[in-house]
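I'd like to ask you about the structure that follows.
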Amino acid sequence: EPALIYDLGGKFDKSFNEAAFGGASRWVTETGGTYKELEMQSEAQREQALRRLAETGSNPIVMTGFAFGDVLGQVAPDYPDTKFVIIDMVVEQPNVKSVVFAEEQGSYLVGMLAAMASKTDTVGFIGGMDIPLIRKFGCGYAQGVKAVKAEANVILNMTGTTPAAWNDPVKGGELAKSQKSQGADVIYAAAGGTGMGVLQAAADEGILSIGVDSNQNHLFPGKVLTSMVKRVDNTVFDAFTAGEAVEPGITMADLSNDGVAYALDDNNAALITPEMKAAVDEAAAKIKSGEIKVHDYMTDNTCPAASF
Amino acid sequence: MMDLTTVLQILDSTIRLGTPLLLACLAGLFSERAGIFDIGLEGKMLAAAFLSAAAAFVTGDVWLGVAAGIFAALLMSAIHGLASITFRGNQLISGVAINFLASGLTVLLGQYWFALGGRTPSLTGDARFAPITLWGAEALREVPVIGPIYYELISGHTALVYVAVAMVPLSAWLLYRTRFGLRLRAVGENPAAVDTAGVSVVGIRFAAVAICGVLTGLAGAYLATGLSAGFVKEMTAGRGYIALAALIFAKWRPWYALGATMLFGFLEAISNRYQNIDLGGIVIPVQFMQALPYILTVVILAGFVGKATPPRAGGEPYVKER
Amino acid sequence: MAAERQQGRQAAAAPDSLAIELRGISKSFGPVQANKDISIQVRRGSIHGIIGENGAGKSTLMSILYGFYRADAGEIYIGGRLTPIPDSQSAIRAGIGMVFQHFKLVQNFTVLENVILGAEEGRLLRPSLAKARKALADLAREYELEVDPDARIEDLSVGHQQRVEILKALYRQADILILDEPTGVLTPAEADHLFRILKGLREQGKTIILITHKLREIMEITDTVSVMRRGQMTATVQTAETSPEELAELMVGRKVLLRVDKAPAIPGRTVLKVENLRVRDENGVERLKGIDLTVRAGEILGIAGVAGNGQSELLEVLGGIARGAGSVQLNGVELDLSGKHSDGQSRRLQGIAHVPEDRQHLGMIMDFTAWENVAFGYHNEPEYQKNALLMDNEALREDTRRKMERFDVRPPDCTLAAKNFSGGNQQKLIVAREIERNPDLLLIGQPTRGVDIGAIEFIHKQILALRDAGKAVLLVSVELDEIMSLSDRIAVMFDGRIMGFRDPATTDERDLGLLMAGVDDVKGAA
Amino acid sequence: MQKMPPWADALLVPLLSLLIAFAISSVVIFAIGENPVEAMKLMVTGALGSSYGWGYTLYYATNFMFTGLAVAVAFHAGLFNIGGEGQASLGGLGVALVCLMVPWPHWSLALIGAVVCGALFGALWAALPAWLQAKRGSHIVITTIMFNFIAASLLNYLLVNMLRPVGSMDPATARFPAETNLPGLGEILGAVGIPFSTSTPANVSLFLALACCVLVWVLIWRTRLGYQIRAFGKSEKAAVYAGIRPVRITMYAMLISGGLAGMMAVNNVMGEANRLVLNSVEGAGFIGIAVALMGRSHPFGVFLAAILFGFLYQGGAELALWTKIPRELITVIQALVILFTGALDNMVRQPVEWLFARAGRGAK
């Protein structure tokens, strides 16, 4: 029986963790199987959660979030017969599969859309916890914006420095209002549950927002420009389907294997003009072909298009 | 250093963030002025935030949500009253228990009702408060200086913000100009004096605790239906304790409470907006800003700056016979 | 018996002339029965005194009449009509006002606010305050009860605070006024003023119940007097037909010993020498304004005075509880009055033992066992230690058993909590603890307050025995009899000063009373 | 003479309170559509049914013993220390620093270092509120609450900006060196031939906590300091009469209290996580209040109550794993225990006293 552990943002963050939940649910409807799931309440519980699931024979155990990395490095060797899948982090153990995403590529695409949709030539980015991973989102986004409008202004904010930053919609809303007052009319939220506050505030203030991880277009139809989708659901679905036969090692999910994408559906069809779509699709093709190289912040902790 | 729009933005945010603190602080003021210490403000707010969001979602009417929030806080107040007035228990312990009770029950019930891990579904439309544009705001908007101040800062808040601000003069009036206020203050100073004057101490104290419930109910409802759009686990995030700190800072007085809560709201607005503040070479980390309300309160408590004297009979159950 | 005689006559009086009649009132506080089946009649337009020892149940009875406590059984008749009084509101409505032993005033409210509290006109304060201001002015004129209506209570003297309490009752149009030990905190002059007011009220047809311990006051002002003992009403008599001796006997239940047999003192070297001792309380008010005295070995110096004139502070500063300024020498060694060594521990090490006035709140810990209380203050004594870390509880229990036997503490169970001993036995335990230390100087305050006659004699003997062993004793008591019978010399305190020293053999109560009132025969006014 | 025999006060009343708390919890479980009996069974098997469960139960109980003792010692001095949370996190800082900075040759030496340093940091964090209470009369309940928040901000700052290893994304310190890893309960019991799960975090700190229970008992009831603490706690006025110095006793009691809370870090930071993470205390400081109230501030009572709460914690985790009942149920039970054993004590006590009084009269 497989198992899934959600990070502190919670299963229903409408974003990262919920995407994982979506994958698991899809697996349940398609296979009729059952799985176990756990939500983290605090940092200190991670180890117990992992051990408990391993003890009771769950296999594979999928966990969402980089924060499990350190603990998994300790626990995995104790359960050599159990397979672990960690999303967003690399853990080098013989029984661990690490899945990381090319968020900079997806962010680049939504950055282009943001620049094209903006009338003020000022766009915003609200990150969750201030860590390299989130800066990677912001950096890709800024590159996309600058690719369309080199002189455009990108306002970057982070919600906080601790995991609480993933779950603070009030602060997300306040930051969005502040960015709006500075002229931003499109705001990209890469902040887990905090993003809900950003999307809400943007809708209230009559500006556009961009969702993250899951397709969040439906949350405020016509108010969410697009979403940078990370196919975490696919990762979970694949892992659950493979079962104990999960292949350990590192997997990179990017544009070329549809690991990341921008979302287009009925809810935002009116916001994305054909020209915008054409421009973005072209850029996507170039990225896949390697013609456009999007800089990954985490490779050298610098960003050519923005300063954090 | 900062232009007017930025300043207005921060002050605007200050008002939004200060409002729940103000309501909770006034709530605590009524309770503590009547001699009932209340460290359970946090729990009452949390319970109110949850039930108001839940009711607003189910009924689609934010005012019904507010009513439900007040009901939840009143329930918690009733427990506090029962423990500390009727059974003469330790008020601090009762407060601690209420905080835990709210923290646990909100998630338990939330999960049972909505299966969203303790949060309520997002509120939309009439299930949450919309900003109110005050009369003449649009017209005045273009007038320099006062235009933006009136339009940005004073107009455009949700109904409960105006209710909260109106509560300040109302509380002051009630406390200092009415019979009820006189008795309430007396009960917090010397309950025996009130008792021998032929007034029921228990009655006044329960009334005070009930007022505290109504106000924390408003505070919680504002958090869930005004400031954000729905309930999130632990969404009060220590605001009840900040309100308590503000109450000490305000020396248990209504107008001072307005000042104290707005100061603390301002600190929160600043720390929301800036991760670190660079003051010409000295960088103030955001964590310091977040801790500042507590640090200031400790300084006040230490009595180095403007000693705060709590109501004399505060925290003591009124016991006539051993 | 006087009691039977009186009851017969009162029952014959017309019922409509009775302001109050209580029938069969009983009240228990947990295991303590404070009132047992009490009946009493009070004539309209009279001043009715109630006397009785500490803890006799006087305050409890009056609090029941005022609706502060609820009686377990019994009936209350006001003006001949059965009137249930479940709370103070009903009492006020029935025209009863009460001035409690401990005032019930809100300290940071003004006089006016205190007066209207609970008797406001309508929901808003403004009209009530205006009305009360006028009413107070009228009352002040009528009864010599001037107070500044806008002063805060905490800024008023005790005498003025008491006026506020009386004004509160009169403002509520009380016909029956109860005063619980009103003169305990007053100077004689203030007390005289109060009595003038009370007489004025009587002339207006008001009924007054006066609780007091002072026989002089009873004789001076009351028309009728009731005596309580151990929760029961022992007698009601016409004041004109009784004498202080008879009242004392009724109060205590047997003939009171007037003098203690004692050998003449043989004073030796000076043990305690106090010069210009000054103490301020936490509000900065000077409580001791320069005390000079000496106590010699083998002598008892008695300090007389109305309560609240600095006697407590004197004991506290000598016992190391309070801090002071000036000079105190013990056996020629200067004591530290305000520094690191001005605490109870250091004093005990230097040879001072201290039986405090307030035994329940200072002298012992009610929840501690007897043996733990015997270590209280002496917990650092080497004999109670097993080693550097641990206390020797077994030795302590053994020591306690010995002390309890010697001082006849009952029940002789050293593991019983202090609160389970009666007041007299608690006091014996404390006296045992302090005297058995064989101190150079014993400070002892109100040694027999609330203690029964048998224990009083025993404690007095112990104090004298200590004196005869060549130790110095400083005795503080508000009971003049006690002071007169025990002391070898008497100092009278008034307003933080010593008014003079007297030899008990050559002085009398009148002389001491004048000194206690601040009047010095020889030098004139102080 | 006595209202109620001592055993009724020490055992019967808390047990009744506990019973009421559990009864109401059952109603809550029932109300959210689950079976209380099944839930209870699951908790018992999950927490006590295997040595794995016991390991976690004892691990949590160890935490609660430290914080419960901390609250209890302060209670004896008449002080309500709500600051266990902050003191324990500062203790964590101390343990982390001493484990990371000193090259310990062996765990036993590291343990001593960690105990000293954890207790020291915890005590220091209690010192300022204590001093303010003693010298300036600032209400210790409020100051310790404030200090909890200040501690959280301080740790947040340190972990994010100073202690986080380069390149790491979570706000946590580096792993402690292997020499500082404490032997687990499984290893210890295994060495004496008792089979016990080795994959639980219960570790040698359990014995430290037990030792602390005994030491606190000795301190409170056998030493002069304990005598003075109790006297001071019953009546400050009388204590002054006896020459007990309020400032000194307040400071000592709170330093000991804070030290005990700080020592908790030996268990969770050094024994379990092997690094300092954010919010490592996880509310154990507050549970200490419930534990001390339940245990009537007696070390043995604290021990029993800590085991009870350890059971609740582990059982609750199992419940969350196997049923739809969220872990927050434990918070509710905890709240009810605090409510009934603390604030509503009279509600339970008065009827019991009344019954005893009636029985007493009947016997006569």
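Annotations
When the chains are written out, they are named A, B, C and D in that same order, and each has its own residue count from 1.
Everything that follows uses one rule, which is that a residue touches a chain if its C-beta (ideal position, glycine included) is under 8 Å from a C-beta of that chain, and two chains touch if they have at least 3 such contacts.
Chain identities (UniProt): B, D = Sugar ABC transporter permease; C = Heme ABC transporter ATP-binding protein.
This structure is a prediction, so every number in the text was calculated from the model and none was measured.
Inter-chain centre distance (chain B to chain C, centres taken as mean C-alpha positions): 47 Å. Chain A and chain D have Cα centroids separated by 39 Å. Chain centres here are Cα averages; for chain A and chain C they lie 78 Å apart. Along chain B, residues 117-118, 287 each make contact with two or more other chains. Residue positions of chain C with contacts to 2 or more other chains are 30. Those residues of chain D in touch with two or more other chains are numbered 156, 160. Chain contacts in this assembly follow no simple pattern; the graph is neither a line, a ring, a star nor complete. Chain pairs that touch one another, listed by label: A-B, A-D, B-C, B-D, C-D.
Chain contact summary for the complex, chain A toward chain D: residues 36, 38, 41-45, 47-48, 51-52, 55, 66-67, 69-70, 74, 78, 131-133, 161-163. Against chain D, the residues of chain C that register as touching in their complex are 30-31, 319-321, 343-348, 354, 356, 361-368, 372, 375-377, 379-380, 385, 389-391, 393, 420. In the complex of the two chains, the chain B residues touching chain A come out as 5-6, 8-10, 12-13, 16-17, 116-119, 122, 131, 223, 227-229, 232-233, 235, 237, 269, 272-273, 275, 286-287. Those residues of chain B that touch chain C in the complex are listed here as 176-183, 185-186, 189-190, 192-200, 312, 320-322. Residues 39, 79, 82-84, 87-94, 96-101, 103-105, 107-109, 111-112, 117-118, 238, 241, 244-245, 248, 285, 287-288, 290-291, 294-295, 297-298, 301-303, 310 of chain B are the ones touching chain D in the complex.
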